[in-house]
Amino acid sequence: MDLKETAKAYKKEQFDDFGLGEKATSGHYRVLNKDGSFNIKKDNVPLLEKINFFHTLVSMSWPRFLGLILSTYFCVNLLFASIYMIIGVEHLTGIYGVTPFEQFTEAFFFSAQTITTLGYGQVAPTGILANIVAATESMMGLLGFALATGMVYGRFSKPAAKLKYSDYAVMAPYKDINGFMFRVVNPHGNQLLEVEASVSLSILRENSELRNFYPLDLERSKVVFLPAVWTIVHPITKESPFQELSVEDLFRRDLEIIVVIKAFDETFSQSVYSRSSYKFNDIKWGEKFKYLMSHENGRVSVDVSGISSTEKAELNEVRFD
Amino acid sequence: MDLKETAKAYKKEQFDDFGLGEKATSGHYRVLNKDGSFNIKKDNVPLLEKINFFHTLVSMSWPRFLGLILSTYFCVNLLFASIYMIIGVEHLTGIYGVTPFEQFTEAFFFSAQTITTLGYGQVAPTGILANIVAATESMMGLLGFALATGMVYGRFSKPAAKLKYSDYAVMAPYKDINGFMFRVVNPHGNQLLEVEASVSLSILRENSELRNFYPLDLERSKVVFLPAVWTIVHPITKESPFQELSVEDLFRRDLEIIVVIKAFDETFSQSVYSRSSYKFNDIKWGEKFKYLMSHENGRVSVDVSGISSTEKAELNEVRFD
Amino acid sequence: MDLKETAKAYKKEQFDDFGLGEKATSGHYRVLNKDGSFNIKKDNVPLLEKINFFHTLVSMSWPRFLGLILSTYFCVNLLFASIYMIIGVEHLTGIYGVTPFEQFTEAFFFSAQTITTLGYGQVAPTGILANIVAATESMMGLLGFALATGMVYGRFSKPAAKLKYSDYAVMAPYKDINGFMFRVVNPHGNQLLEVEASVSLSILRENSELRNFYPLDLERSKVVFLPAVWTIVHPITKESPFQELSVEDLFRRDLEIIVVIKAFDETFSQSVYSRSSYKFNDIKWGEKFKYLMSHENGRVSVDVSGISSTEKAELNEVRFD
Amino acid sequence: MDLKETAKAYKKEQFDDFGLGEKATSGHYRVLNKDGSFNIKKDNVPLLEKINFFHTLVSMSWPRFLGLILSTYFCVNLLFASIYMIIGVEHLTGIYGVTPFEQFTEAFFFSAQTITTLGYGQVAPTGILANIVAATESMMGLLGFALATGMVYGRFSKPAAKLKYSDYAVMAPYKDINGFMFRVVNPHGNQLLEVEASVSLSILRENSELRNFYPLDLERSKVVFLPAVWTIVHPITKESPFQELSVEDLFRRDLEIIVVIKAFDETFSQSVYSRSSYKFNDIKWGEKFKYLMSHENGRVSVDVSGISSTEKAELNEVRFD
């Protein structure tokens, strides 16, 4: 027995198993959600390792993020106002409040003026203690707002390949054979370059709850740029894993087509990734995509809204011997 | 029939079709404009997907960008001045205006001093409401100016491979065959490394309005660095798509040579891309480029202004059997 | 003798020697520490080349970093307070201190209000000299805090592939042969893409204190993404360097398995590296890793805490002829 | 005649000609200076294309950079002081100067307090005109200092592969043949990963002032990391261009060895490049590098200062048939 061959065979079979190991699941479920997030949960992660402030701050929604900044700002000022009260408001000039509440309010606003380095000066610290607190607060304000404003800009300038996938994939005639196809479009104005797709088929093993993953060869796996619509085609050649599986097999074995697209976003000068997946119900058999392009005045137009439009198309009869 | 071979043939023919699909256009037009932008329009994009604030802000011209910042600054101050007026100017100390206009003006400038965290203090808020607004405004100012100044620096430090292409490409003798050639130069002081060119020929299919794209093999597709002028050469070997096409064919079938150059910009530490294209009228047949280099005092000089200079050159008679 | 062959052989033997040259060490020691840092010391480096402020600032601990900023802030204010004292406190309005210490304290806090651009104004410079110092100080403050706050955000947003490695590697049955295996998991919420592992075996030469390094072929050296646990497997095929070495050899020749993992961190949009190593005592012979995945409600769960759990497993008898 | 073969031959000969074209120079000169800058001048570059503010600001020395910021700060304040004088100092409260010079000085410092958003308030604008100027100045200050401080941090955090090359390259015995060798060391604490070297030989053509460039095959062209010293070796096999050239040839034809090293700097999370070159006088024939490593307490030490130390070594007699 040729062990080298065996090793190669092993490699092919398990290539790209996405770190999901061999044991997956028995039921019908998604490995990858439609939006590209993973349908997986990590248990028993020590709390300290789980927390990643930057990741949390960069991926939360804008309203939550701004709410967090606002409430932090509020709490920090509450804290410093309390400190000024403890030191004694007589060490702040220009405080005219009589009741403790009035005094606390004025100390609170003095704190806000200090932490933002606004410094009107109508209220100002006197004495060493109050001055130390104010000097510390203004420096903390500079560092703290550096984080906050850095995050604001970091979130704003974070690239994301917001590609739009066709709602359905199709099995359509492709030259004199057939092909598994889906389409992607970049609806935005920013330019994507060196766009590279990798597509995998995931099915359950026969009579098992383990999953196998097979990479699918593509007509083209890379385009230099993506100004319009790209139809990604896996031709059903003799080597295709689709070749040996009937439609019933695919349903029964819970197929999932996993798509990862990598590109260079020219606007952000960074690499970006996009993920999606198609399940059995997302595939139309014997349909093809409609053309989306027209031209007028020497310019090509693409009707982006029609990206999922399909029409009936007779599949080719193919026989490989 | 060997399906694998067929699949390979398909691949070759359609390689690098730049996502323009099969259907392109019948008339003579440009796929790529001279400046590297695409001659393509996207229709029916949902408004929300179309908008990309960062891309818009990063790609607009400097005058428009600065105008936008200035007018935003003006409007936000108008807004806050109105709020202070509604609260009542008596809650701002140091307002000496009598007429509403005078008061509004003073409130406006107080707002400007607050949002920039300038805070002279000749005008200052008193009372809870005015203080809340001022504290909020100064924090908003910090976050807002973080975006504005981040964009200013982001725009300023954004890399762009501003390569200069020769105005014309030439078909010139190359060793004992001929070659399709054009030149690029980096006129700037920044160093480009790992410069990689990919060049494609696009022509209409016979009696069709569909376009085919053929990658062109280059003498060298990559240079380690680009200190001076690089002449990019596609040798017309037996395999060249030019080999089977007459000059008349090329004109009739509306050829376009599409160029994409990738490089690493050492100054910005980032990858940069440059695009251009040559149409039939941009090609000179039977001319060659003039030498641009001279040396004096042990140093090489390149005359960048002569990048498009050509001179007559007899093409080689080549016969492939 | 075929010199080309010889050259190839040389290459294979010394591939990936990690710049440690040929001479290493006689005793049992680690090339790479468990945490990925190098067990190597550089001597006689000129002081100026050794110092790299950015590297130092980015890699020191947070408490030390914040302590450094605080003490710099304190010292700079001491310095400027001294300058204001030398100029004469009578050039600062609003100084009410009588003793030199009181005056110095007030000058100190005035300096703090100036360098942070707080500027209450209860103390303000008069006269040319004091004004020049204050104007210079505020500009220095802006530039200095730009560095400090840039470092704060740079440290905060610095990516690091904090992968968790299994405490032990195992020699386990793998299909009908055996395999050297270890596991990695990304305990964090951020997504790692294009995860690539390179693993090398380092052993002492026979009767020598020199070390050889051998790259180990992996079942898969790359996965497109890493949502859960990845078991990295080096199959002991005929070509494996493990094939010719007994367990006693490995101990005697002080084996070290060196692991480098590269990935693209989607949260930070940057490439990250992780390193680790296994010594003889970190390898369990004839054990295999336990499965970590379960599923419920159509979702896969991974028990991250069990990453190092192993169980007995009979090794396959393999004979290569 | 096989044209494909010819094309290949062309490719080999001219590979990596660094964009210097065919025409170079007759005399003995350097293509690349020792410090990695290019010995080349670009003439007739239109002024506007030549200027690249970012590149200029990022590559000037620190003293010049800080001088530029300081003088800009001074000039802008001069400008605004003049504007306030034109408007009339009576629109600034708190100006006590009597002579125009005194008034101008006070206006100058008021401008400085405004542009840094310091805003003591001892001087403050009154009236619409002065307020408009002050509001504009503070906003300009925020944007302008964003550029200045962005550049400060950008310069500070800019990666640079400051590798140290051995002063000399050697032709030394290598196994049973000989090898052309030089050494590099990273004297700094930051980690370089995926270090990749490409080395080329440049010589004049026979009886010509044109230069040819030949890539040199390396024993290893890439190491996964570079914790210590890396000896880069070009083995003089049958295929080496050195094989056909005598030492006299190399001198007469003005050899230059051009080195480009690429690496990933872990501290800066970016790709960095380093360049150097060796001329005839920088090569020692029949010498080899001394070992630099020792070990104590289970730790390897590298004596970085000895990177250029060589000792006599008999070259192997090699005969290729």
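Order of writing sets the chain letters: A, B, C and D. Residues in each chain are counted from 1.
Everything that follows uses one rule, which is that a contact is a pair of C-beta atoms (placed from the backbone, for glycine too) under 8 Å apart; a residue touches a chain by one contact, two chains touch by 3 or more.
The shown structure was predicted, so the numbers you read here are calculated from the model rather than taken from an experiment.
A.B. asks: Which of these pairs, A-D, A-C or B-C, matches C-D in more than half of the residue pairs in contact?
C.D. replies: A-C
A.B. asks: Over half of interface residue numbers shared between subunit A and subunit B means same, under half means different, so which is it?
C.D. replies: Different-residue interface.
A.B. asks: Subunit A and subunit C are the same sequence; what rotation (0 to 180°, nearest 5) superposes their CA atoms?
C.D. replies: Result for this pair is 90 degrees.
A.B. asks: Where are there more C-beta contacts: B-D or B-C?
C.D. replies: B-D
A.B. asks: Between subunit B and subunit D, what is the gap in Å from one C-alpha centre to the other?
C.D. replies: 25
A.B. asks: Distance-wise, how many Å sit between the C-alpha centres of subunit B and subunit C, to the nearest whole number?
C.D. replies: 36
A.B. asks: For subunit C, give me the residues that contact two or more of the other chains.
C.D. replies: Counting only residues that touch two or more other chains, subunit C contributes 117-121, 145, 150, 268.
A.B. asks: So what shape is it, when you link every pair of chains that touch: line, ring, star, complete or other?
C.D. replies: Shape = complete; every chain linked to every other.
A.B. asks: Which residues of subunit A touch subunit B in their complex?
C.D. replies: 69-70, 73, 77, 105, 109, 112-113, 116-122, 145, 148-150, 152-153, 156-157, 162, 164, 175-177, 185, 187-191, 193-195, 219-220, 223-231, 235, 237-239, 264, 266-269, 291-293, 295, 298-306, 320
A.B. asks: Flag every residue of subunit A that touches subunit D in the complex, lowest number first.
C.D. replies: 117, 119-121
A.B. asks: Please name which positions on subunit A make contact with subunit C in the complex.
C.D. replies: Going by the criterion above, the answer is residues 3-4, 6-7, 10-11, 14-21, 23-31, 38-46, 49-50, 52-56, 58-59, 93, 114, 117-121, 124-126, 128, 131-132, 134-135, 138-139, 141-143, 145-147, 150-151, 154, 158-159, 198, 200, 260, 262, 268, 270-273, 275.
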